[in-house]
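For reference, the structure I am asking about is given below.
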Amino acid sequence: GGQGATNGTGLNGAVVADGSSTVAPLTEAAADLFRDVEPGVNVTVATSGTGGGFEKFCAGETDISNASRPIKEEEAAACAANGIEFTELIVANDGLAVVVPAANDFVTCLTVDQLGKIWGPASEGKINSWNQIDPSFPNTKLALFGPGTDSGTFDYFTKEINGEEGAIRTDYSPSEDDNVLVQGISGAEGGLGFFGLSYVTENADKVRAVDVDGGKGCVAASEASVQDGTYTPLGRPLFVYVNNASYSEKPQVKSFLDFYIEKQSEIAELAIFIGLTAEQVAVAKKELESLG
Amino acid sequence: MSVITASNVDVFYGKFRAVTGVTMDFNANEITALIGPSGCGKSTLLRSLNRMNDLVDGAHVTGEITFNGENIYAPDVDAIEVRRRIGMVFQKPNPFPKSIYDNIAYGPKVIGMKPSSMDDLVEEALTRAALWDEVKDKLKQSAFGLSGGQQQRLCIARTIAVKPEVILMDEPCSALDPIATMRIEDLMVELKQDYTIIIVTHNMQQAARVADKTAFFTALPDETTGNRTGVLVEYNETTKIFENPDDQRTEDYISGRFG
Amino acid sequence: MSVITASNVDVFYGKFRAVTGVTMDFNANEITALIGPSGCGKSTLLRSLNRMNDLVDGAHVTGEITFNGENIYAPDVDAIEVRRRIGMVFQKPNPFPKSIYDNIAYGPKVIGMKPSSMDDLVEEALTRAALWDEVKDKLKQSAFGLSGGQQQRLCIARTIAVKPEVILMDEPCSALDPIATMRIEDLMVELKQDYTIIIVTHNMQQAARVADKTAFFTALPDETTGNRTGVLVEYNETTKIFENPDDQRTEDYISGRFG
Amino acid sequence: MSTLTTQGGPAKSGRPSGLSQQSPRYGEKAVYLILRISAWLTVLITAAILVAFAIPSIEFFQQVPVLDFLFGDRWAPRFANSSFGVLPLVTATAWTTVIALSVAVPFGLGAAIFLSEYAHPRLRKVLKPVLEILAGIPTVVYGYFALTFVQTTVFREWLKLPTEAFSVLAAGIVMGVMIIPTIASISEDAMSSVPQAMRQGSAALGANRMQTTLRVVFPAALSGIIAAVVLGISRAVGETMIVAIAAGQQARIVGNPLEQGQTMTGFIANAALGDSRVGSLEYDTLYAVGLLLFILTLIINWISIAFVRRFREVY
Amino acid sequence: MKPFTSIGKIAAQGSVRGRAKGGEYSPKSIAFLLILWASLALAFAFLITLIVTTFIEGSPRLNSMLLTEFPASRPTQAGARPAILGSMMVIAFTALFTLPLGIAAGIHLEAFSDRKKWWNRVIELNVQNLAAVPSIVYGLLTLGALSALGVKDKNIVAAGAMALSLLILPVIIIVTRESIRAVPDEIRQGSLALGATPLQTLFRQILPSSVPGIATGSILALSRALGEAAPLLILGALVFVSFDPNGLLSGYTTLPIQIFNWTGRPQEEFHILAAAASIVLLALLLAMNAIAIVIRNRFQKRW
């Protein structure tokens, strides 16, 4: 069903994608737009997480792996052991926003050091109030929210802010569901959390992002600051990994990925991410061309 | 002296008229038997005498039924009080899933009797029902462990314990063997010293043996709807009904039985 | 000529011996009545005559029961075949939740009879059971629409339809009113031309009216365990049993009834 | 009246007169075998559960001592500084279960008594299927209702309770509501199957409806009612989506019902959504918690069976 | 024998008029009835609020697109078609796996197993226990079993149907047993007394009479399975499916999972979509229950 509309080149077959739930909406958006062109191709997008995705990818079960961080060495080794060759593509940019309730009127900017002080494993049970971060802040109880331990976002944030993946105080409220985090932060007077910029944009009435000072002054999270790299360290690229053999042997996979890069800005907009810079697009196209 | 009177009583189930135009008196300290073929409305009439029919959806009564001269269907009469004063024993023994003792004590408790000693009250009720000797060693055991006949006597004891004035019995022996039946019949005769008893039975000999008066009912087609409805054919001294009935239908029924 | 013989039969439920040491013959084309107080094992003995007891967990039979000279508990005997040849009618009418026609046709179908015309077979069975005229216009209607007495005759018709040689009846009239009872008694007397009938009853008059022979059972304490167990007290021509029994206990039971 | 020729005398039935089996009935034997095998398959399933849970659990317990698991009070399996004390999960489960039951048992039994003893049969015929349909509302829907309406709107905006984004109370209450239909429906069945004769017997003694209900019907149906409550407990202990959404995800010992907490099922759901590799410690953790959950429900069930045996009435 | 002092001769006891202390309208009785009313009303009120709010929230998207369109990144164009088909397919296969097995096992346990044999009691106890096991445990079991068998793709229809089958199998067995038990023993005896074999009795009398019970119970069990998300999430059911599921080995998503996923999206429009999909799911449940009621009314026999 659903097929039989205007046929592009009449391709069919399956494109199997798995991996990060952060990146999944992007690949879904791509698949969505792609269906208008090639209705015969079935694109499936599962969300086993970045690591789970790589596991399947390196076992040859999937064509595409969505990832919110680069592949790790041991994961690459698993691919190599199974003779899977792959190519990394950057498909969009994302900003990790540091978020407070919309009603918060005392924080406008936090430095990376302050963030580290708030979130570090050593602060567990010790840093409990905003005025411990900066005496100018009121003596309001800190209520911390963040993604669950299984997400790429968690890995990324802990690495950038606390210097080690997974290193974080455990007395914050985790949830895999970003809407739940929005609910939580907006409802706590001293709420603070971090998650993808898109959820801030969509919930502007409830929460707002604060500026982050990565050493070169306060920078607001925005499309421009993420694209030009000034929103450090919390701006990050999103990846898809493609199985080289799939790309060269399955015309539907090739067609899908070419389309993905071609239409990246439209796709990013749909999924509420930040599009690629012209430079990034050129790199991606070159990578794909080299695969033939 | 009549304790209960029925004047021109009709009983309906929804639109269906199960009993039509019954007028009769029930005398104190007598046993009155209701006999007649199946479906002629004996149970229906009996249940309307203590407002047990209130529990059946759609059942209602027209005409007048009085108890000690008071209309029991008057608006300010509490059906609960009627049922306490006019007890009932059913066809199938229906002890509660409780101990023998609790089966008897239940009634006095719920109606708020405050006997000086519940144990005495239980003993007396069981004694009157001729059951005490058989169960006195197992009062705390479940009533379900008793035989059918014992269960039925327990149900009678339970009824006596709340001190009713009238006891209605709907085929109380039909589930019992002859020996158990005999004991219950003896019990009825003994109880009528203190109570008024109205009994429905299919067993003609039983009526002949125990009843002072007997009423014969049958089912006839209703004049208007054509549905069969129960009517009172003849009501008289038991000996008269059995030896020399006035109505041919009574004669047929009784002799058919003895044929 | 005896169709069924019991020699020294004991029936057990698990370890409990419900019937002890029964030896008796049942004659062809006669009605034999089994009477006795509740719990003396009448139903138990009856059910062991066509192996219906096999269906009760833990029930087993010792001694010998033969049917046409064959031991029905021999290992190579098929209980199903025994039950087909020795039919049974129960205390409570138990028609199947099917049409009247299907109630009758069910038996012949399941045992693989191939009658030239099922319609004829149904008609004949209903005719023999004196039910045809009452139901011939509503054969396709549910059997539950019939009155209790009609349902019981339907069950008899259903039993006849599979052409058994013996029909066992366990208090077939106890759920029925006197008129329905009479019709079934008439039917039994008619059927004994072709069938051997064994009937359990609590109703002494019934035994006196229909049975050729009557057996009186009672429950006595077992010599070894002290549990009460059923024993055959006296077995003889019905007139003898009712008019001049040999055993005092029979006399007591019968006269107690008539007391 | 037709003649009785085909009926004939019984002795002329044309069948062999012996009583031995006429045919071996192989077909029937095959059917019996199929039925028996089906029943045994259920045992196979239990065996499979035990094996499937035992293997990863054994691996888990080689790395985490059983006592540390059972009595440790810090649950942080995925953090850099990991710890595997399951007590936080157990306390959260206990809270949500107790709260759910304190909602579901009174309301469920109240509804059941009303339906069985007071409602007009026609009303009952309508309400009972409606209840059963309500029992089928997907728990995902309940979960968001608990979070957005009960916790956020009611607790925090209207009642201004000192609670944060999540609470075991909100999850527990909504879970209780979810279980009401289950408890009501099964206890209603139990009470309806108490014979009418019991009620009549009580009424004939002058008891009113309330007395009859509370002193005769209710005790007589007790075994069925206990079974209903126990089923409610198992549903509460095993319910996943509501707690995963509304109870919070922070695994810590829950001290009061306005706190958040991660239940056993909440942990499993979340962890399974992430990327646990087969054979990794995280994966084994899932099964260790699953095994604990399984054993807990078994224990609850055994207790209930013992209760039901004790209180069963045969009419 | 004691004199009957406390019972004695029953003297006339005055009028039956007026309210007895323990009467039907005593304050206690009325309070009790009010409490009962309140519990039912509150339970219903809560549940109806839930449904009505969902309905109001979802109504803007309760249109045919919801049924015909595939999930999409643009909320305005997204629909739940594959989820609806996936739910129906998974439930159909669940029924196919579990009904024959559950009914057969139920028949064996109720009609033919000898309860004196300890192993039959073990099976019975085991079924009771399985019925109380949380759904998520069956999800883990299926995941573990498939991993052990080396199955890599666990997000296929067959795996989902297997998890749900395990979940409702014990329920089907119990329902079958109860329905068979509800058939009066007289029917069974009547049939056997005519010379029918136990199996003939089973197939021609007992099973036809238990159809309403088995059907109703099974449909209720299946509708519970229809609303389950947890075990399927554990198996990694897909969330974005741009095709119709077409068999046991096909990838799939189901309505509860689609709803879970949509509620997790940032855009408000997706939340509306999720509410609308919840309504669709409720409609499916309603349809299944309607079937159950029809079957119950058509086949119900009065004894």
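Chains here go by letter, A, B, C, D and E, matching the order in which they are written, and residues are numbered from 1 within each.
By definition in this document, a contact is a pair of C-beta atoms (placed from the backbone, for glycine too) under 8 Å apart; a residue touches a chain by one contact, two chains touch by 3 or more.
Computed from a predicted model, the values in this text were never measured in an experiment.
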{"item": "Of all other chains, the one whose Cα centre sits farthest from chain C", "value": "A"}
{"item": "Distance between chain centroids, defined by C-alpha means - chain C, chain E (Å)", "value": "45"}
{"item": "Interchain centroid distance [CA atoms averaged], chain D/chain E, Å", "value": "12"}
{"item": "Distance between chain centroids, defined by C-alpha means - chain A, chain E (Å)", "value": "39"}
{"item": "Overlap residues in chain B, where contacts from two or more other chains coincide", "value": "80-81, 84-85, 110-111"}
{"item": "Residue numbers of chain E (touch at least two other chains)", "value": "20, 22-24, 197, 263"}
{"item": "Chain D residues counted as touching two or more neighbouring chains", "value": "206-208, 211, 273"}
{"item": "Pairs of chains, among all present, that meet the touch criterion", "value": "A-D, A-E, B-C, B-D, B-E, C-D, C-E, D-E"}
{"item": "Chain E-touching residues of chain A, taken from the complex the two chains share", "value": "1-2, 24-25, 27-29, 31-33, 35, 42-48, 56, 59, 61, 177-179, 196, 198-199, 201-203, 267, 270-272"}
{"item": "In the complex with chain B, residue positions of chain E that touch it", "value": "1-2, 4-10, 12-13, 15-25"}
{"item": "Chain B-facing residues of chain D, complex", "value": "120-121, 195, 197-208, 211, 215-216, 219-220, 313-315"}
{"item": "Residue ranges of chain E touching chain A (in the complex, touch as defined)", "value": "70-74, 77, 81, 152-153, 155, 236, 238-244, 251, 263-268, 271"}
{"item": "In the complex, chain E residues that touch chain D", "value": "20, 22-24, 26, 28-29, 32-33, 35-40, 42-44, 46-47, 50-51, 53-54, 100-102, 104-105, 107-109, 112-113, 122-123, 125-137, 139-141, 143-145, 147-148, 166, 169-170, 173, 197, 199, 220, 223-224, 226-230, 233-234, 255-256, 259-260, 263, 278, 281-282, 285-286, 289, 292-293"}
